[in-house]
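Two complexes are shown next, each including subunit A; its partner changes from subunit B in the first to subunit C in the second.
Here is the complex of A and B:
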């Protein structure tokens, strides 16, 4: 028995036993967290070992005579396993203090159970060695995460979010099924190996179908509609895992399909790159317009998936153009961004969870000044924000820099590759800038300034089990940012199992370059910290007066005079109006003694809007027309059966 | 020369016609009892080697199919004071016409099924098909829940006939599987009938339409 399956077994046990322990709330949580965390840690060690030594694990189970379950861990799978087990390990620890409602003991137990199932199924998805195994794990993953989303099922909007997620994940699965079906139809086997022999046009169809299917899980525009609904509905550590790693299984699927199809034409890269650019830019634009903290973070997942896809797209273009260095840079950058995003996104979701738990609200414009009472949360959230904006010396920078360098390699190519690489670079730059704007909005409005509502006053940040994972994740952000070499090598090793056949690519130059920039940035940070230390040292013993933020000498400041999130983002959103229609409800101020007014804005997601009118409504109309079939008369139902039998007997 | 099995099967086909034409429940029950008996004794006339075991099996089938089930249904309608006339969805004349069509069409179909047939006993498959489809038709065409149970039993008779054409050993497995099925089915239906009766004070299944959302 391999360590991998042992760790999965421990995780399952950790999820299963608490179902019988709901009387002892604390014990239940302790057993569950201990079991799942131990399993994840073992799995992490095992995945690291697989990544370090290139030996592949094969395991095959023939319990079902017709379909054998087959698992294999190559370096690509091991890379994803590292992200899955690392984030899940921290998320479950976070859950110990986050799930603190003894009156909901039964539901908490069920939540831990499905959480363990989710971790196991994610691990099995990336290890699946044939179609049957893959779809089995994929479905378990979709279903268990569905149950996690509807944890708070009393609220109708959460049920609605769960339903939306259910529909999207199953329509996506349908697309994957059709892609696999097409592959099976041509190759005649459930293994992935036969796919390379498919005719070229069929490969393209298979890839597009699979891309839609996996894209709907990953949250690629326009299939991301479920994401901003489901992430706020789920408990925060679940959102961290779903947004941090679960949606990455979609990325894994895309990479795996590219690898098994083995078709290295330009069109694949172009599709992926364009999808990446669109989801990256629109994701961050919609994020800017959000007023709900978790919804905003959910849109940032769409954005980061876009960045990852830009990396992969540049890699595929590099492969098609015969540019090994560009290919490896793009793929490694995208893959490293998978790991990085899983780290800082789960950090941000955990920070948001802490804020929501302590203040009871997730409305950005109702918060403010939290950093005064929530030091650790505030600083780790700031680190996460800097990392997600792609600033050195944090981890987001490293992966984005790799993608940039891949893009600059592509600029040297001929026309189409040139155009696409240039577009990729430009959109990366736009995304980076907008992400920075968005997170300066979040950090500025939520953590700085003065509290905008009673809820944001007098908060604390108790709960060591919630603080510990955040500290670890923030530490990981800095570690990868300052010492990127080993992590880049991990990603390059992951790329190796795409079997591009390049052998050893000299990347030391690029790694050194990245290292230099991050080191320069860390020197900058060092100077900053030094100044801070000097300031405290030199000002010791002197009187320092504190006044309200944004006071500016005004004698009667109120909290209403602060910037709000909406006003901060308004000028940027104005520019993007064609793709992000903004609904404003704001009665104009008139006269010398104006009446009380209000401001309400809502950014419409064009995918959500047009998916409703173009796809959902026609489908609904068709089925409304067929409603007479369900009349409730038992005799006519039997008549249907009779008719079916007669038709089958006579004509088949 | 006409094979004795075929004579029995012709009787079965005639009973289908009678069943479709009869408007009263007790008559229908008696027809079904007759049909059950005839269908059950078919194995005696097939050229299987009858062992003691298979004789016992066949007799048990005959008892349950021809006596126990019809009698229990009959006593049930007596006890529950059920109306003896049946309302229809499809009228009697149309039903008879349909069954005639079916009897004509079934032999054309029977060759599609590669069932082991016996020298002479060529009607088995076509009769089986007729019974299955006719039972289904009865389920659909009669509103009364008891008549629907009887339609179900007719279907089961058809499946039993298919079973008889298998080899001797497999035959009993199939038969007993079916018998258990029928018994369980009839019992469940009896319970359901009780509740329908309690709820609506009638056995007209069209009333179940009210349960629709």
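Here is the complex of A and C:
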């Protein structure tokens, strides 16, 4: 047995045994966390080994004696496994202190069980070697995460979120099924190898179907509607795993499909790039308009999936244009962003989880000043915010830098490639600026200033099992940001198994780029030390006094006067009004002594707003017309089955 | 290398002087004598001698703000070819690093402002987060154009030696748009009229000045120094483009560069003297003009450069 399956077995055991231990709440959590964490750690070691030696693992089992379950780990799968096991390892440790309600012991046990299933199924998805295996793992993944989303099922909005997620993941799966069905219809085998022989137009249809299916999992606009509902509903460490790694299996699917189809025309890159630009910009615009911390983070997943797709799209354009270096820059940048996003997004979700645990609210405008009492949470959240905004010297910058470099290679090309690369670069720049605006809002409103409500006062940040993962993730943000070499080489190796139709490309260029990033970061730190020294010198022996904030002449300031998240984002949202319609509800102020008033704003997601009227209702209408089939008479149902068998016997 | 470092130090030393030129020009237009040209040095020395008052609402981030913003300004200056000299550091892709590093400085300026819990500073912070987004789009569009023309992704590839002349040679007409766009960015990024009024007395209408209201003493001095350097940084772009010649003689080059730089500062001063600040909701349109210019320049260059 390979270490990979052993680690999955340990994870499953870690999830399974606690189901019988619910009377000993602490023991149950300990066993579960220990089992799952050990399994993840082993899996992480194994995935790292696969990446290092690039030996592929093959394993095959018979399933129902009709299909074979076939697993293979190539370097692309290994790269995703690294992200999956790393984030899951930390998330489950976080869960030890996060799941702190003994009265909900049974539910907690079930949560850990489905969590272990989710980790295993994610790992199996990226290792699946044929369609049957893939869909089996994919469905387990969707279902286990569905049960994790409805953890708090007493709240109607959580049930609604679960329902929405269920519908989306299954409609998405249906698209993937139809893509696989088309492939099977032409190649006659369940393996992926036959896909390369498909006729060119069919390849495009297969890719578009698969892109919609995988895109709905990844959260590509406009298939992201479930995401901002499901992430806030799930417990925070589950959101971290779902947003950090689970949605990345959609990205994996898109990359794998592109690879097995082996069609290197421009149109694939154009589709992916445009989808990436739209998701990226709209994702961050909607994020700016959110009032709920976890919903805001969920929209940032849409944004980051957009950035990843921009990278992949540029890579595909590079392949189509016969530019291997551009292709690898785009793909490797996108792939590294997969890892980076899984790190900083899970860090941010864990920070948000800590805030919600300790204050009891996730409303951004009710918080404030938390960093004074939550030092570690605040600082790690700040690091995560800087990283997700793509700022140096943190990891988000590295992957965006590589995607930019790919884009610049693209603008040197002819017209279509030039135009798409230009748009890609401009959207990346705009996304970067908007993300900075959004996270300066979150840090500024949630962690800085003065508490805006009683809930945010006198909080603490107890729970070492919650703090430890955040520290590790923040460290990883800085490590990758300053020494990206090994991580870029990992990503380049992952790209190698896409078989993009060229030989080995020399690594010197990439090593030079990572060396530059390291150098630039060290220069920055060097200058920072100089400035620090200067400041220390200037403050030697100076009198420091403390007093209230200068109120510009106003002597009775209250915390209610602070700028809120809504007011901070208002002018930017005004700019994006056509794509982000804003509903405001506030009665006009009247009279000399105005009465108490209120203000409420809501930014509409146009996908959510129009999906109902454009897609759901027509489909519903068609099904309504077919309702007579579903009459409830059991005899006729048996007749249907008989009829189906007869038809199949005669015509197939 | 040594020479580059000397120029870098000189640039930091002289940046406050150039900023005073703007004040002098404004005074001239107002029919006043104006402050002495060394006023900024006096201000800095005065600030450095003082102690500080910190708001009880603030945390360590408030102290980080001035340091990081100065640090990012000083670091980006290391990559800038001053007076045509080779920069201290340069690598393929350094422009991307530079633009994002300025983003880091901006993040900490905003964070320091949000730290004070002051409604006015929040207001300024929101504006500071908003307008540069458009500037970034413009900058990257110009980068695409320059990359197309030179095949380089570093400031050294655009502004050192005879490179600006090469740019003019490759695409003269579009470069006029680029200069305009750069000038608009210069005004926006450095909080000058018509985007922001550094001399106004009403906090509600400020952007940058309101964000640093609570900073005092050496901290405020560091911020001021950082903004002088930042203005110098952007002015160099414009100066090198309006005066692209390479005389072959370092002294002549430096003198010519100094004159061009003065011209840019005078132009900024004249703009401030003859224009009023735009209403806040008009500012995005003004900044978008730069993007339109840059985008147009880039697209038409596609026809010239193959």
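As a convention for this text, the second predicted complex is superposed on the first by the 569 of 652 C-alpha atoms of A that agree within 3 Å, B and C clash if a C-alpha of one lies under 4 Å from a C-alpha of the other, contacts with A are read in each partner's own complex, and residues count from 1 in each chain.
As a working rule, a residue touches a chain if its C-beta (ideal position, glycine included) is under 8 Å from a C-beta of that chain, and two chains touch if they have at least 3 such contacts.
Remember, it's a predicted structure, so these values are computed and weren't measured experimentally.
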Using the touch definition from the top, say if A:546 reaches subunit B (first), subunit C (second), both or neither. second
Partner chain(s) touched by A:641 [first = subunit B, second = subunit C, both, neither]: first
Quick one: classify A:631 as touching subunit B (first), subunit C (second), both or neither. first
Examine A:598 and indicate which partner it touches, taking first as subunit B and second as subunit C; both and neither are also allowed. neither
Determine, under the contact definition given at the top, whether A:504 touches first (subunit B), second (subunit C), both, or neither. neither
May I ask you to decide whether A:433 touches subunit B, subunit C, both, or neither, giving the answer as first, second, both or neither? second
Of the two partner chains, subunit B (first) and subunit C (second), which one does A:512 touch, if any: first, second, both, or neither? second
After superposition on chain A, the subunit A residues reached by both subunit B and subunit C are none
Contacting residues of subunit A [partner subunit C, same complex]: 368-369, 371-372, 382, 386, 389-392, 397, 400-401, 404-405, 408, 411-412, 415, 418, 422, 425-426, 428-430, 432-434, 436-437, 439-441, 443-445, 448-450, 512-513, 516-517, 519-520, 523-524, 527-528, 530-532, 534-535, 538-539, 542-552, 557, 559, 561-563, 567-572, 574-575
Inside the complex, what are the residues of subunit B that reach subunit A? 89, 105, 109, 112, 129, 132-133, 136-137, 139-141, 143, 205-206, 208-212
Under the definition above, what is the set of subunit C residues touching subunit A in their complex? 48, 50-59, 61, 66-68, 70-72, 74-75, 78, 89, 91-94, 96-97, 99-101, 103-104, 106-107, 110-111, 113-123, 125-127, 129-130, 132-134, 136-137, 139-141, 143-144, 147-148, 151, 153, 203, 213-214, 217-219, 221-222, 280-281, 284, 298, 302
Listed in rising order, the residues of subunit A that touch subunit B in the complex are 630-636, 638-639, 641-642, 645-646, 649-650
